[in-house]
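Before anything else, here's the structure in question.
The first chain written gets the first letter, and so on, giving A, B and C; residue counts start at 1 in each chain.
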Amino acid sequence: MKLGFRYGVGAVILAVVVAAYFSGSVRWTQLVINGLWFALLGAAWNIQAGIAGVLGLGNALFIAVGAYTSIYFYNTYGISPWIGMWIGAGISMVIGVLVALPCLRAGLRGITYVFATFASSQILLFWLLDQRWLGGAGGIRLERIDHSPINFRFTTNEPYLLLISAMLAAVMFFTIFIQDRRWGLYMRAIRENEKSAAMSGIPVLRYQLIAVALSALFTSIAGSFYAQFQMSVSPSAVLSLTMALNTIIFTVVGGIGFVFGPVVGAFGLIALSEIALHLSGTSADFASIRMLIYGASIIAIALFLPGGLMSLFDPRRSKDES
Amino acid sequence: MDLFLQVTVDGLVTGAVYALVAVGMTLMFGVMRIINFAHGDLLMVGLYATFFLTTGMGEATISSQVLVAILVVAIMTAVGLALYGALRPIIDEPELSHVMLTVGISIVLQSTAQLMFTATPMWLNAGNWKVVNIGPVSLEQRHLLALVMIIVITAVMYFTISRTKYGRQLRAVSENREMAGLVGIDSRAVIMAAVVLSTVLLGIAAFVMLPLTYASPTVGIPYTLLVFVVVVVGGLGDMVGALVGAILVGLTQAYGNTYLSGNWSGILVYGMLFAVLIVRPRGILGRGRVI
Amino acid sequence: MTLLEVEGLTKSFGGIKAMQDVSFSVDEGQILGVIGPNGAGKTTLFNLITGFLAPDRGVVKLAGQSITGLRPDLIARRGLARTFQISEPMNALTVEEAVRISAYCRSGINRREAFTVAAEVMERVGLLDNSKKLTSSLTAAEIHRLEFARALAAGPRMILLDELAAGLWPEEQAELVRLVTEASRRDGIAFLIVEHKLSFLQSVADSSIVINFGQKIAEGPPAEVLRNSEVEKAYLGSKE
């Protein structure tokens, strides 16, 4: 992929973020934060799917773990979410590996791996619904709001915007960095051909699990951000089929394996639904019209550009190189 | 004990309903390897069609019901042809494209239904469904109808796939499309027939089910998920397996809801899926195709 | 010095006996050919030796240590490299990346050294000019050379060649012969070669074994073995 395209796309996104930051509009900052958050989910999934070829649908599980732990540890022990999010990340990585290990070992790939991982997230959903100490169906909310950055609380949206941008940028840089190192090469080889990779001395299962763990780590942190930004979390909000699809759809639409795939997919779809807002005017059906446009664009991508939006810039391959 | 029997029967009825919905997915996913995330939403289309046709007919006589059924089948045939039209260009693409396309279709169907009909669930008038008592167990006629229908449909589909010429062609195409073409099978026609058959079956399922449930934009989602569990647990591609899988899921839900809690029945159902995938990927009966 | 020892290797799939009690050995620096008609079990033999299949009975030893049933990547790291017949290896990787990955097999190698090894090997097989090309854009002959490069880069003591001469023009085949004999003489690498093209086999192999229906039916120098009546029957006259 020519670097020029990548810089071009990056510049556009940066411009949007900067514009939102200085716009002073709550609505715009909120919108861009959403877009960046979805992009972060997608970028995290891109590591396991785009680099290592592990296509799971269970990442919503890590959003939930990251969200719940950050709120729970703050409410119960007063531990700052800055620390709580790493506890959540650790738990997420462990669960991620525990779920992925038997599945990958049993040879589940493709759609069966999707089902198995999705099933694991649904099991967590039902378990959370059942746990009264975690709020059951209502979930939990931040109990003390003390407006202090030390506890991840800011009074306006702008710091959150900076934070989510930094998180996304970190994951994207990590993705670029890892492509050419041994870890990344190993994972990319696994994505291409597991047998051939094994013959090159790569312990396939181990690196698939590493990819899953990294994905879990970043997704969990995104979950912690979500919980702190929304100030609450409930099982049905983070473990629904919709959220599960959110973890993958932006990357798929933008282009699996492309570093800028998730962010292009997220902003592309959000932009489309904003256009829908302006077209539909005031009607109460806005939410449905937006979903309609959303669904129609996904259909369009599936039919005409299955490699994702970024593949327009590089039709021969579906992956970036640094 | 009486409670146990009643719960068992309820579980069987639920299982029968799932089986009705699962037949189409066994055909498309199990046999043709086409993943359809919009499966439940197509059921939703059938439910709305049945609802409007039935209420539009006024008096519920046998002949009007038959007419409704025929019209629903006609509508779902058209839907199936449209679905095939959308799938055809990407039929040979990797699974991910099918997932993307059908997720998109699912979202479009739901939001269109929302715009056209609002989110209010639409129930048929309760009518006077007679209750049948078999020993300590009571069953409504409509449930009995569902049970009967599913047995009939499963038997017919099983027979179709294993004994008829079309069934043989179907299996040939699903195993190796190139080879099938070489021996003169028009795989496009076969696949089109399979897709249309799936949606028609969903239409029949909707017709039988509407008295037991309601029509709403999101009514299909749980069915999509549960039916995936059913076909995997039963064994991909196997009609009888799907029936067994459906019954297992129905019973698990019934026992789970009654003796544990609603949440635990969910955990058990998805736990069952997870366990089957890892330990017995060819399904409980072991007759599913290799994943 | 014996490098590879295969003893009593047996494998059945369902009712089919894919491999029956096959035994042979390969010395350091030796080039052993494996001849046999299609479906005779040659690929099964390779899969059993390299860890992609576990035998029902029998032992495989590398330099005296058992590697039976070990994971393929571990076997590779112990010094047993293999080429594959697949025509599209590592599509989205460049030549250089594909070769460099194998270089990481060498124990204790660091990042800088891996680059060096990869460059050396690519030059040796003549792919240095194509190092930045995607493997998906290589010609068939170049892919075969890449496979060989990947095997070499791992620093192996023995390489299993799986039909590497298939589909090559005579000049390309001669190039491969040169690479194999050079690797054998210069680096002391032993070779186990499965090959249909008997002309190729006869140019490189010192000795050979013949496999049919999963059994070893003959052993000896290629020229001799090919005159064996049993072998002729097995091939039913299909010689190149």
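Here, a residue touches a chain if its C-beta (ideal position, glycine included) is under 8 Å from a C-beta of that chain, and two chains touch if they have at least 3 such contacts.
Keep in mind that this is a model prediction, so the values were computed, not measured.
Visitor: Consider the contact graph minus chain A; what connected groups of chains does it contain?
Guide: Once chain A drops out of the picture, we get B | C.
Visitor: Averaging the CA atoms per chain, pick out the one whose centre lands closest to the mean of every protein CA shown.
Guide: A
Visitor: Report the chain whose CA-based centre is farthest from the CA-based centre of chain A.
Guide: For chain A, the chain whose C-alpha mean is farthest off is C.
Visitor: What's the distance between the Cα centroids of chain A and chain C, rounded to whole Å?
Guide: 43
Visitor: Once you find the CA centre of chain B and the CA centre of chain C, what distance in Å lies between them?
Guide: Here chain B and chain C have centroids separated by 50 Å.
Visitor: If you average the CA atoms of chain A and of chain B, how many Å lie between those two points?
Guide: One centre to the other, that is 32 Å.
Visitor: Sort out for me which residues of chain A touch chain C in the complex.
Guide: 180-182, 185-186, 188-189, 191-193, 195-204, 257, 316-319, 321
Visitor: Touching chain B in the complex: which residues of chain A?
Guide: Chain A residues touching chain B: 55, 102-103, 106-108, 110-112, 114-116, 119-120, 122-123, 125-127, 129-130, 241, 245, 249, 252-253, 256, 285, 288-289, 291-292, 294-303, 306.
Visitor: Residue numbers of chain B touching chain A in their complex, please.
Guide: On the chain B side, the touching residues are 35, 86, 89-90, 93, 95-97, 99-101, 103-112, 114-115, 221, 225, 228-229, 232, 261, 263-264, 266-267, 270-271, 273-274, 277-279, 281, 291.
Visitor: Mind pulling up the chain C residues that touch chain A in the complex?
Guide: That would be residues 50-52, 71-74, 76-77, 81-82, 84, 86, 88-94, 97-98, 100-102, 104-105, 111, 114, 134, 136, 150, 154 of chain C.
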